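One structure follows; several queries about it will come next.
A, B and C are the chain letters, set down in written order, and residue numbers restart from 1 in every chain.
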């Protein structure tokens, strides 16, 4: 058990109100937070990040847990002259070996070629990757990402998804892309009108029409396909579906 | 009518952000300009509207006929008035329409967009999806022949996306020419008649959606699941609809 | 949003009142007169239920006020000396003259800022635009002015987002004032960049609306004076006459 939220309430003039939120975030798992605009996804993330304090209820975070947060508009936080320096910012603040960690992170994300460039002139997809790198480099125990797939093309998404799978850290991200959640998340937190509608295994929750309808989430491609073809197992992506088809035809 | 001849946009260092574009859009179709983020889609759309940013040079020419409306990627940024109704009236006021005509046009199109309830509100009370409706309303009242949308769906949630697609469908039915820049084709492909793929500022391919599945997949544009199966699965993936 | 009494007034009558107050504040340097002006504005603010917002707008001056006060206090001399010290060739004393001048300057600032704040808070930007145009200010200028009023809330939002982005990467603002200022650099740089960016965004928005092509225009806005507006005009004129009379005699 890493983070536990009990009966949390939060309201603030600029944000959607959260009420009666009960949630536990387990160590090492990837969570996708989904729901309509205004359902409270980003607010929840910001409360987990410690940027807002709840009005009532409990937010139990283990002592000394380092939490990194990457916001929805990555270019807002850029202030350094090079991508490398930007990525060194977080570990430097934590007193870690920033040069080493930055180099490792650049490597992992595959953007070493960008390290001497000015962050603000990069394309939106590249900026997104730099922003994620600049939060990863601090090696936080928990990684919170707000709409990380926004403005990433398919290859960028695959890179991101593979990274999320590889990391041992706990990752919580908001997304509108149910396909991405299906492929790369372990669990889904469905938000609706400021409260948690359901938390569960990604394959189960994203296959549940009642929940998808109520929360305004679109069924992932593979789910719709499996249903149409009367297939019980939900593939995680197109490659998975093709394996199933191959298996069926043999 | 949009007629683009040998059009390029260069930045300060001489890099070509748009490279020798030749394009003609003439009909009442829905055209999608797609490509990776950074491929030049937004630049092209803005250039069609006549907006080229500070510090950028252009070569070649773009000729258009008829009024053109542009909906920004973040519609909030193009709204200039605080009250919704006054925002919708802005362009008509600038065109010297009579007060009575302004009122009637606003109401007519607000009805078309299911946006009548928004007219008395202030911009800060309005949700993200409603913002798109308001930007559309402000544009529609001036009877544009062509409407350009810059990545309209990417920031909308599923419910709002359905709403916008329905509005776009209605517009198409009404005979408006529509050009949409998108890098996620999954929702829009059903309505599109023509797809133009941009790559590093150049036109890479141009044709009917069904003919371009492989190229689109290869370029990293998000395509419908059934298309992915077709492209990846060869014989196994065929006939998956 | 329910409109308060002051908000419902025609912007022209409010503008007239504000201009009268500003003129009186500049021309009449008496402490009692200035205090009364501030009091009148305060009463209007309370009737208009804008007190909280009014105070928050005026709190922008919270650094300027003490600064002005102390500078004038020590560096203007005249009359009885109350307290002070001498330091080689420097003679700094709080004098009766200095005290009066400081207080007068502060009160004058408050009168003008107070009534300006009241006007801006209680008047919709579009009404400000129309009121200015009624004063024969070219429409484009009036419109651009009303646009700049959007700047402040937008910048507040962006600053907050930048702050969040930096705090969540381990930035800690602590230490003495100089150290704190240094720590704020990662927030200041993107903030300044975003202000400039906002300027470009506005330019594009206006280009998209064919702003440059506008010559003449009609308007949906319809300004009408009501009973209370006439009362406002009469009140303003009476105030002016009263002051001038009391001051001259």
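Methods note: contacts are C-beta pairs under 8 Å (C-beta built on N, C-alpha and C of every residue); 3 or more make two chains touch, one makes a residue touch a chain.
No experiment lies behind these values; they were computed from the predicted model shown.
Engineer: Most C-beta contact pairs, which chains?
Structural biologist: By contact count, the leading interface is A-B.
Engineer: Based on mean C-alpha positions, I'd like to know which chain lies farthest from chain B.
Structural biologist: If we average the C-alpha coordinates per chain, C ends up farthest from chain B.
Engineer: I'd like to verify one number: the distance from the centre of chain B to the centre of chain C, where each centre is the average of its C-alpha atoms, in whole angstrom.
Structural biologist: Result: the chain centres lie 41 Å from each other.
Engineer: Per the centroid of Cα atoms for each chain, what is the distance between chain A and chain C, given in Å?
Structural biologist: Inter-chain centre distance comes to 43 Å.
Engineer: Express in whole angstrom the distance between the two chain centres, defined as the mean CA positions of chain A and chain B.
Structural biologist: Each chain's C-alpha centroid was found; their separation is 28 Å.
Engineer: If we count contacts the way the header does, which residues on chain A are in touch with chain C in the complex?
Structural biologist: Chain A reaches chain C through residues 14, 46, 49-51, 66-71, 73-74, 76-79, 89-90, 93-94, 120, 134-135, 138, 144.
Engineer: Can you name the residues of chain C that touch chain A in the complex?
Structural biologist: Interface residues on chain C, with respect to chain A: 157-158, 161-162, 164-172, 185-187, 189-190, 193-194.
Engineer: Show me the residue ranges of chain B that touch chain A in the complex, using the header's touch definition.
Structural biologist: That would be residues 36-38, 127-129, 154-161, 183, 186, 220-222, 224-226, 228-229, 232-233, 236-237, 240 of chain B.
Engineer: Which of the residues in chain A end up touching chain B in this complex?
Structural biologist: So the residues of chain A in touch with chain B come to 35-38, 123-126, 150-156, 176, 179, 216-218, 221-222, 224-225, 229, 238-239, 241-242, 245-246, 249.
Engineer: Which chain C residues qualify as touching chain B in the complex?
Structural biologist: It comes out as residues 1, 124-126, 147, 150, 200-201, 203-211, 213-214, 216-221.
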